[in-house]
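Mind having a look at this structure? Questions to follow.
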């Protein structure tokens, strides 16, 4: 392809006439005059925000749409450690039932108002009451007291080890109280962040433009004159945007990495989801077979994780048997190898459970899953005698279907939060949204209670114990943790954000 | 997916074009036969999938993923380690089966409603039409996705729904043909024969729409396959069943690590699409491009038989008297001073066995102020001779021999531009059927003014004045009104006057009139003949009057030439020829006339009759 | 004439009402996961129930439809459930994209088809055969496949046009043209295949008409015969195919929109249908039916103008 | 005198006109005529005179708005369905256009046997009858296996006549059956009509625009103009000494295949037109 390139171009130019001439100089061949002054960061996002109201916001990929406008109370640095932002200091009460925040003084919203304790209280109250997607993150917060203009106290009904970390995300976005009741609260966000939304250069579903907040209190966080985020759902289209210089960053999948490298795109990796089966019905309500621990263990042994990791995740990741990631305090390294591929053992376990002749397991699948996964799982479970009956679900309904209690098990991919409690709260506690059948055993109850009763250091050990219990009892059948690729163009540099599939806005900088 | 289908594309011009069995038509077109063969082969392979493949299309071995072709896996394996060949073969069951289902549903609905709506018309027609407008206006993709969201992923369900959405295409196609067929005389004949409605619809109407439906279905098949595999490709289908679309979807996911996966499902889709399109197109061409016997509207049927020779000759009516008699001496005489002189003219058309001559050495000449009648039955080549003189033979036809001279200018070999400048000014043409010879889309005035400006270089104003004067001259009572009318707003007699005005407007030396009164009522005919006679005198033109009517010849012509099977058999002045016909054919023609015959007696000797016409 | 237009508009309104009802009913048939889709996987059961009630999903279907209809007749298509914007605004941002693609495709494919079809009709023979082969080839390759190839070659390897996205007309004319070039081209190739055949057939049919011979006999130039008389008479069936192509493009361009990340009507409708954003889906259907009705009316009026015989009284 | 076979009394046919409250078009304005058994009645008129509509009304293909059509004593004006099919045994048709009156997709034998089978004849019986019919119209026996397109116009018209004869009708409506044929073919088909009438005693309602053809075949002639009967009477009388002005005009307008006599006739016609316009 190298030699005739010039000829192609000449031909094409001749053939396609003048209209191209005016638009030929793309972003790629124009060196930025002064990167820090007028640099533009263009990101191709895989998601599109439903609303720019913080109360309606979500974690993960969505943060890139909110971080430019809103400061969080606490900032998660790229390691996932907490750093001061609007709050300069935070203290957890001894019994874990209160969190006191000391606020930075002199910070102003872009509408001119001050960031005060009242404003923070207003935001927290509103976030909890609005019933947004993450309202549960403040579930433990009973009330918020304004102690003085620079201090707020969050009173908790029960200890919540994940709360400070949560305040580094959506529940910690602070918007101007003047905007609370504005009709445009969803579309014209007003915060104290490093950038402001330029509504005139914004088209929902196609482009969101943020311009530099000239008066921002921390100049170090403002590295671009403008940030443009384009929601592009199709990975190929995102990749084309980055390859052709129309975008500087994008979230990707393992299967594109090789092509990206050969196209000269920089590939960054961050520890990502754990993938595998979630054995939702460990209580055996829907599928009595799954109620038996031997069966769940057999499923863990039956899957050739290495083969799937190699083929589907292209080897970018590490096999595991636990749902907690290395950066969380619940992580127990040895549990990664708790279940290794062993067909005979799986068969033996099934026999032990009285299911020597196997059984049928109905699971949902959708086009969002890698096409190789469903057949591979079916094939491998068939080898131990379990027949998988895949039911095709339209991709948008896939996750709701999993949570609807229709299926005893499902293929899932979950993030591995830095704070272990977040994972517990999402998957293990009795009313956790992903504990679909509200499974609970005396052991889990005790361990969870112990975790909440312990201080930070002791909690780690208890969480590890809970982890071990979940692995031993095979509540899940994790296969591996993937490395999540993120592609950037030559125009920017980035530091990946631990615990988040895409880097935070603060992590980007113009290339020198 | 973005292909729209229009019934008219697939429909032949008329149901009466179907004068040949469907099977033989397919067989007669090699492209159609080959593409049908390819389709049949693929369908057979897909049906026999279990015999052809050694692997279950959905059994995977992830350890064997993305292998290249091997004796075991002929086309390699996919990203889950499934055998690509068996997935292609089994996938065809879903893709082609789904398409077939959609087509069957669309046909079942569309053909039924089209049949009844087209046959009965009225309120039934308009209500079905409204529903079909609704279905066309509904965005197909959204409906399919909504159905999928409502009732789950199921290729058979969604293809059934898609069939319903496609039904309007068949409905419109069938409705249009049936409402045409309904007025065909053979349907009337069937009704008069006492056939029941179901029998008429089944035996007479359905037969006429069979070929167009098949053509349309072939092209609609391409659309269905496109939509179905497109949806699967986008991940909007059922991923648990193998189809060519889901294979493409898998290929897209693995685009950068195994681009080859695109290949086989792509080829399968391409081959089927190409076969369908080529089948449809060549079947349609077989319908359209055959030598066509023109369809006549009921009102113009009078001249229909004569029109046969206006077309690439079909089997000519067998002459009542077997040929063989040599032409009467003087048959090829070209009078001195002829302003139009044709010598040894031959006109040929390509046929299966090379060029076939339909005009076979015709010589004739006309002097200024003289009217020559060119008489003959259908297939005699008289119209072909007229067109050859004008240089306006239909596509395929050409002068294969002889010379034509008009006003000293030798025509064959003349450049197109030079010929064009002769037309209208040196030689002009009055056609047979007035209505079909005026462009229905333009006002009459425009059609008169346009050539005046072009040929005489008149200004718009002068051309209009001249056109109005001409209309007045040909006896049109209100020239301005006619000038501003569209052709369908005036009567046939008036239209013929307009055409005569157009022909003589540039004062041509020679006027070729091809059966100018055949389509007219007899009273109008008399008036038009009077007009022609006057104009000819006034402008001192040489006129060739092509006709089959000896009465017209007797009324108008000075001399007459009798044509038979592409040759002139006798030529003389009218007085001599009518009084003393020499050639047996001329005699037979005159004898067949009804003048001076005793009513209710036989016209011909019965003995030789069955023999001749039996010679098919 | 005026009464004809009014009658057509009336029938169009009935079409819109029927279409919206059908889609509404279909969408409501599976709306159980809408709240979950809106609130995400971390939402609690109580939150879901509250959302469900807030959206009115607990009301009887007919009531929900009437509620929507009441708003719609006042020009209010409601609020998207998945986006904070009003349906009208969201669709207003999408319609120009889709119209640009659809109109562009129709124009380009028509220009090419008319040239190709007429050349084929005039010269027949091997040239005709060749053009037929080429046009068949255009249908063999699916548009999305073509688009995938084109984007890599033309945009990425050669850098001639942007690989993704849509530049609004108002922002930059050249940007707008460039962003449309590839999508329109990949759609037009398929459209040309069908349309050029149609033009060819129609042209051949008109060329065989008696009046063409008569016009030639008056010494009119071939160009005048062809471009004035033949084209005008061949136009109505061609226009009908064009309008059907256009209708198909209103939602059928979704694959191309996906490949080029174009924010068109098709992609928003597909996404909205998937997640169950009923106001958007119904709104999109209403918009596209309205456009279809308008286009059909225009085509019929043009056909009437072209063909005085069917001119509507 | 016996009752006529066909009695058309005060026949009015109207067609609705598209559009709101537009009055219907009156194509026939009270036609009276009759056909006796074994008789040929010629209907002559120019286009728009309504002659074809009369034939179609008799055949049940055009509506009877007012008046009545009686056949064999039975009022057949408004028959439908089975009753109409019963009558069709006795009233048959030969249409104008030999190219569209035969179904192009059916063989001649199928075309001819179809009405027989419909009327309850067995297949074998029908086939046997087809051979006889072909013979009667002087077509070779093997013609039955062929398709209409393999025949010339005249031969097709013979097939159409055979089809009409298949039912052994009492009346055949002949709607311009020879106007699409060449002169020599026309002569042979006219001879066939005469021959068949001699053999079977069938009555003809013979519709044509050509006065000469009508005169040659008919016992009585009926001249139509714009939906009204101008003149009806003995064929020779009407066609040679017309009483009606219109009939006279019609007669004078048709040219004679003899230059001398035609010149005379032309003079007469022009003179007549001149007096008409001065009058």
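Read from first to last, the chains carry the letters A, B, C and D; within each, the first residue is number 1.
Following the convention adopted for this analysis, a residue touches a chain if its C-beta (ideal position, glycine included) is under 8 Å from a C-beta of that chain, and two chains touch if they have at least 3 such contacts.
As the structure is a prediction and not an experimental result, all values here were calculated from the model.
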>> So if I look at the partners of chain B and the partners of chain D, which chains show up in both lists?
In response: none
> Looking at the contacts, which chains touch chain A and chain B alike?
Replying inline: C
>> A-C versus B-C: which interface comes out with more C-beta contact pairs?
In response: B-C
> Using C-alpha centroids, which chain lies at the maximum separation from chain C?
Replying inline: D
> Of the chains present, which has its C-alpha mean closest to the combined C-alpha mean?
Replying inline: C
>> Nearest whole angstrom, what separates the Cα centre of chain C from the Cα centre of chain D?
In response: 54
>> What's the distance between the Cα centroids of chain A and chain C, rounded to whole Å?
In response: 37
>> Rounded to a whole Å, what is the gap between the Cα centroids of chain A and chain D?
In response: 88
> What whole-Å value do you get for the distance between chain B and chain C if each is reduced to the mean of its CA atoms?
Replying inline: 31
> When you check chain A against every other chain, which residues touch at least two of them?
Replying inline: 236, 394-395, 397
> Tell me, which residues of chain B touch at least two other chains?
Replying inline: 145, 149, 234, 236, 252, 255
>> Under the stated touch criterion, can you name all the chain pairs that qualify?
In response: A-B, A-C, B-C, B-D
>> With touch defined as at the start, can you tell me which chain C residues reach chain B in the complex?
In response: 11, 14-15, 18-19, 22-23, 26-27, 29-30, 105, 124, 132, 136-137, 139-145, 148, 187, 190-191, 193-194, 197-198, 201, 204-205, 207-211, 213-222, 224, 228-229, 232-233, 237, 240-241, 244-256, 258, 266, 269-270, 273-274, 276, 281, 284-285, 288-289, 292-293, 296, 306-309
> What part of chain D is in contact with chain B in the complex they form?
Replying inline: 40, 46-47, 52, 56, 59-61, 84-86, 88-89, 91-93, 95-97, 99-106, 114-115, 118-119, 138-140, 143, 146-155, 158, 160, 163, 167, 176, 179-188, 190-191, 194-195, 209-213, 215-219, 235-236, 249-250, 252-262, 266, 269-270
> Taking the complex as given, what residues does chain A use to touch chain B?
Replying inline: 236, 255-256, 258-259, 304, 307-308, 311-312, 314, 365-376, 378-380, 390-395, 397
>> Which residues of chain C touch chain A once you look at their complex with the stated criterion?
In response: 30, 32-33, 36-44, 47, 50-51, 82-85, 89-90, 93-94, 148, 151-166, 168, 172, 174-175, 177-178, 181, 258-261, 263, 268, 271, 274-276
> What does chain B use to touch chain A in their complex?
Replying inline: 58-63, 65-66, 78-82, 145, 148-149, 152-153, 234-240, 246, 249-250, 252-257
